[in-house]
Amino acid sequence: MLHTLQHFFAPMPGHGAWYFEKLALGLLFMFAILGALQLAPRRARKGIIAFFTFLGGAYYAAEFFWPTNSATNQNFLTPYQDTVAGLASVVGSFAIGLGVISLLQNHTRQLARRRPGWGYSAIFLVFFLAMTVFGLMNAYSAKSTVIPAVPGFWARQDAHGLFQFLFVGGLTNLGSATFAMIAFYIASAAYRAFRIRSLEATLLMIAALIIMFGSVSFGTWLTHGIHPVLADGSENPWANLRIENIAQWLMLQVNTPAQRGILFGLTLGLLATSLRYWLSLERGAYFEKEL
Amino acid sequence: MEYIRHLFNPILLFGALGTMAILSLVFKENRFYRVFEHVFLGLALGYDLEFTWTTILRPLFWDAMVRDGQWAWVMTVPVGLMFYGIYTQRFTWMSRVVFGIFFGLNAGAVFQDFAGRVVPQVTKSFLPSKSLIPPPPIPGDPHALLHQISFVLNNFLFLGIVVSVLVYFLFAFEQKNKAVLRTAQIGRWVLMFAFGAIFGSTIMTRMALLIDRMYFIFHDWLRLVKG
Amino acid sequence: MQHASENWWVSGLVILLSLIIVGKVLLAQRGRVPFIRRISGLNAIDEAVGRATEMGRPVMMVPGISGLDVVTLQALSIFSYIARAVARFGNKSIIPTIDPIVTGVAEETLQDAYADAGRPELYDSGDVRYLTGQQFAFASGVAGIIVREKVAASFLFGAFFAESLIFAEVGQQVGAIQVAGTTETNQIPFFIAACDYVIIGDEFYAASAYLSRDPTLLGSIVGQDYCKLLLLAIIFLGLIGVSLLNVPFLAHSSLFSHPLHWVVDLLKVK
Amino acid sequence: MNTNQWNRLQTIDRRVIYAILLVVILIPLFFPITLPTFPSKQSRNFYDTIEKIAKDSPDKIVIVDGWWSPSTRGENQWQAQAIITHLMMRHLHFAILSFDTQNNTVTQSQIVEPLAKKYGYVYGKDYVNWGFRPLAAFVPVAKGLVIDIPGTIKKDYKGTPITQFPVMKGIKTRSDVGALIEITPSASAEGWLGMFEKNNSPPFLFAPTAVMAPTYYPYLDTGQMAGMLTGIKGAGDYEGLLGTHSFGSRAAGALSLVYALIIALIVLGNIGYYATRAASRKEDR
């Protein structure tokens, strides 16, 4: 039985006999399942969704809990991890159309109705198309000429060159620039938030100041007079009061346990929420709607 | 002449103009920013599309199905189509089936995550040396007593912080009990102190990025800065 | 740890914790509805939405920047309560998204919440806006939306990373009331610095229970509390074991030290 | 001063703050300010470890592994620059390895090649580029390097078998490695510590971005790491120790000024807040 199935699903590299028939059959089979789901009575729909949700989670749960062969640390489900991950990313990738459709709809509508700001929609569409086209050309035929050379003005431009222009010149630089905006914001946020207006704000400020002093030259200079070693060669207990050591102690002895406490709560919350989703126990508008 | 040509190097010019446009937002929203925001969004969406095709769909789906003859991949197409049910009244519910599969996939991975990520943190809270009784002194240590005292104090502090933070995050036990209430309050103070430390230690990396952007403009592009 | 069989004590603990949570949920569904403490930031939702409506400016909700995972779904379920408040006031909401699948779920959530509040006509297909899948392109797009639409209330719930401060500071500058909560602990300080109300740590997971007062969700929160106490008990036990091993008399007598080592190393994975 | 003037201190316009911040960052780029550097203990240990290798085992090879991409070049590039300069000054042999596509190109063409010209380094004879590996291949690579370096790496970044290079002569296993240097913006240390290192042998030298650094102090305490360069400050420290004063020290100078600015702002804000509050209390009476 298993053998027949394996044989049926075996890859057919040379597109041998029945390849196209099997393609059609596969499509037909899946559409038949979808049709059957659609024909199922309305009140069964919640059950169907719960079933598929459970199925989705069951693989990883079973793969984790099923006892393994001690030599390989694998069980009979382990070899399929790549397949499951592949299926999820392929099916998930089909959803990109959802995003692209809604965006293109919005921007073409702006453009067609000449709404205020339609120029920006035009810019968006031009760069979107350019990136898509030259990106794909770069993947398939990077060397093909896009702009022929005009002697004295510019050299020939191939798809790879244009992709580099858009990707390196545009995308990565714009990304870094957006990231760099945070430097400004962190300064103004520090100025505004670190006030002695409450105990909590004061604690926030003191800890931040200690760490800041501990990480720049003029901060460490303040306490560089405390030598780590005494004259007799033994360690100097007062060296613990060097600012960088206080900062380090703060990170290790205060920040680490606090983060751990948060982590316990967060991961238990994650466990509980995951269990509710997996077993379809979740509540809320989305989950209680009549289908 | 060579310098002018360098200034108009398309990749550098694009990057420099874009950088200045994006950074201008911090002062005031303006057209220059708006133009490059839309350039950025357009490029990013195009790249998403291209990236999804070249790194996921082409190798895992198209090449596998067409070149390697793994015909069964065709069966993913109808499943993917279920997403688009949200555009119709009749098939909307179908999208929930495939959303549900994804909810499940995410939820099912939680057991391994919990065992692998959390349990080690539990054991690290007492191992290897979070003992509340100090180990015997190392012979010949001139500060033996000091080391023992700091060992015990540090470990008590560590434990106290973990406990008070956890107590702060208890929701169901009515915090009318004075001891519980006070511990939770201490937990909140400790949290604030820890958050301050995180804030302080993030500043350097963020500033380094801005310094790097300035280096890009004034060294890579304008060549006004040497070195 | 790849598989349960590497250490059955650890896996047993995971199963036990899961059973406690599911058990408490089932008990609560049978009518034993528990009580949970106040979560201060969440009481500000109505105030924020109301003020935005008075000013005639929209409400923005960002469900983080990760894909469709448990954190994002939890954020969306918090948003469904906020969306009901928005519908009650007859205001407009904007949800920018970074993931196409999340976009789909967010659209459904918003429609359902509006319908629930009896105002299905408020829904507009432009409310949920997929921007892009790239972190900083998304950040610049959201920053653009905040300043151009002059959002008056901004709710940031979900998984945020470095861009957290961009959203929070830009929102602060246009004078929006901001409520935030994230599972990424390293971003909480920035939200505290720039937002009006911040919920911390697993208050994020408790939020939907707190807002809905639904027995199932409340039961789950109580289950989590018991699990926390259990973890604390394990830590205390381990500490006692480790401490006793530093007592010279006990450490040198194999009668005591063997069982102590066994207890202490129970949850260790090779 | 009256209440209004005090109040001004706590309500400085953000655009003023931003403008001062920009100026403070730009000044050290144009006019290098060489502030006296006080290298941290971890930076000094990093430096001393390389010095020790140059003295004790100059014929071993040093692995320089990079996980960073241009998005964190603001910190990681200057760390890499300083470290590779040091290796070349002491004429140590080294191999470049990358777990990020762009990292390999940037390290080779923008850091190593310009420096090689200056220090007379010849490809294949003095250093080699092991090329890029995808992250998914990390475990087999890290484990493979322990017992069989040529068999794990096989070819250099251009596809030439590495056994053909004189620099790889006699380099077979972990014991032929002088040090492992890891330059990274992510949590990449655990993998090396778990799969390659054995009790800090060969010495493990770590150069993370400043955000990542605090997580790794415990490893320094337990001696699993020989040294650490923290972000751009670490790069500045290192240049100070080398006496090169390239961009890293200038950036570190800028950073000191930025920190001074932020601290000054916080102090001013608090003075303004305190004074305004005190004044308003007086008026209440």
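Letters are used for the chains, namely A, B, C and D, taken in the order the chains are written, and counting of residues starts over at 1 for each.
What we mean here is this: a residue touches a chain if its C-beta (ideal position, glycine included) is under 8 Å from a C-beta of that chain, and two chains touch if they have at least 3 such contacts.
None of the values given here were measured: they were computed from a predicted structure.
> Which chain is most central here if centres come from C-alpha coordinates alone?
B
> Counting C-beta pairs in contact, does A-C beat A-B or the other way around?
More contacting C-beta pairs are found at A-B.
> Quick one: chain A and chain C, Cα centre-to-centre, how many Å?
That pair's centroid distance is 17 Å.
> How big is the gap, in whole Å, between where the Cα atoms of chain A centre and where those of chain B centre?
About 9 Å, centre to centre.
> Between chain C and chain D, tell me the centre distance in angstrom, where each centre is the average of that chain's C-alpha atoms.
A distance of 34 Å separates the two centres.
> At what distance in angstrom does the C-alpha mean of chain D lie from that of chain A?
25
> Counting only residues that touch at least two other chains, what does the list for chain B look like?
Touching at least two other chains: 22, 25-26, 34, 37, 40-41, 43-45, 47-48, 83, 86, 96, 102-103, 106-107, 110-112, 114-115, 122, 125, 159, 162-163, 166, 169, 191-192, 195-199, 201-204, 206-207, 209-210, 212-213.
> Going by the touch rule set out above, which residues of chain A reach two or more other chains?
In chain A, the residues touching two or more other chains are 64-65, 92, 95-100, 103, 171-172, 174-176, 178-179, 181-186, 188, 190, 192, 194, 204-205, 209, 212, 215, 251, 255, 259, 262-265, 270-271, 274-275, 277.
> Show the residues in chain C shared as contacts by 2 or more other chains, in ascending order.
Correct list: 2, 4, 11, 14, 17-18, 70, 73, 101, 104-105, 108, 131, 133-134, 137, 140, 143, 162, 170, 185-186, 189-190, 192-193, 200-202, 206, 221, 224, 228, 231.
> Let me know each pair of chains that touch one another.
Chain pairs that touch: A-B, A-C, A-D, B-C, B-D.
> Touching residues of chain B toward chain D in the complex: what are they?
On the chain B side, the touching residues are 26-28, 197, 201-205, 207-215, 218-219, 224-225, 227.
> Under the definition above, what is the set of chain B residues touching chain A in their complex?
10-16, 18-19, 21-23, 25-26, 34-54, 56-58, 60-61, 64-65, 67-84, 86, 90-91, 93-94, 96-98, 100-115, 117-118, 121-122, 124-125, 142-143, 146, 154, 157-159, 161-166, 168-169, 187-204, 206-207, 209-210, 212-213, 216
> Hey, which residues of chain D end up touching chain A in the complex?
Chain D reaches chain A through residues 10, 12, 14, 17-18, 21, 35-38, 40-41, 70-71, 210, 214, 217-218, 230, 233, 236, 252, 255-256, 258-263, 265-266, 269-270, 273-274.
> Quick check on the complex: what are the chain B residues that touch chain C?
The contact residues of chain B facing chain C are 22, 25, 29, 33-34, 37, 40-41, 43-45, 47-48, 83, 86, 92, 95-96, 99, 102-103, 106-107, 110-112, 114-116, 119-120, 122-123, 125-127, 129-136, 159, 162-163, 166, 169-175, 191-192, 195-196, 198-199, 202, 206.
> Hey, which residues of chain A end up touching chain D in the complex?
172, 175-176, 179, 183-184, 187-188, 190-192, 194-197, 205, 209, 212-213, 215-221, 224, 228, 244, 248, 251-252, 255
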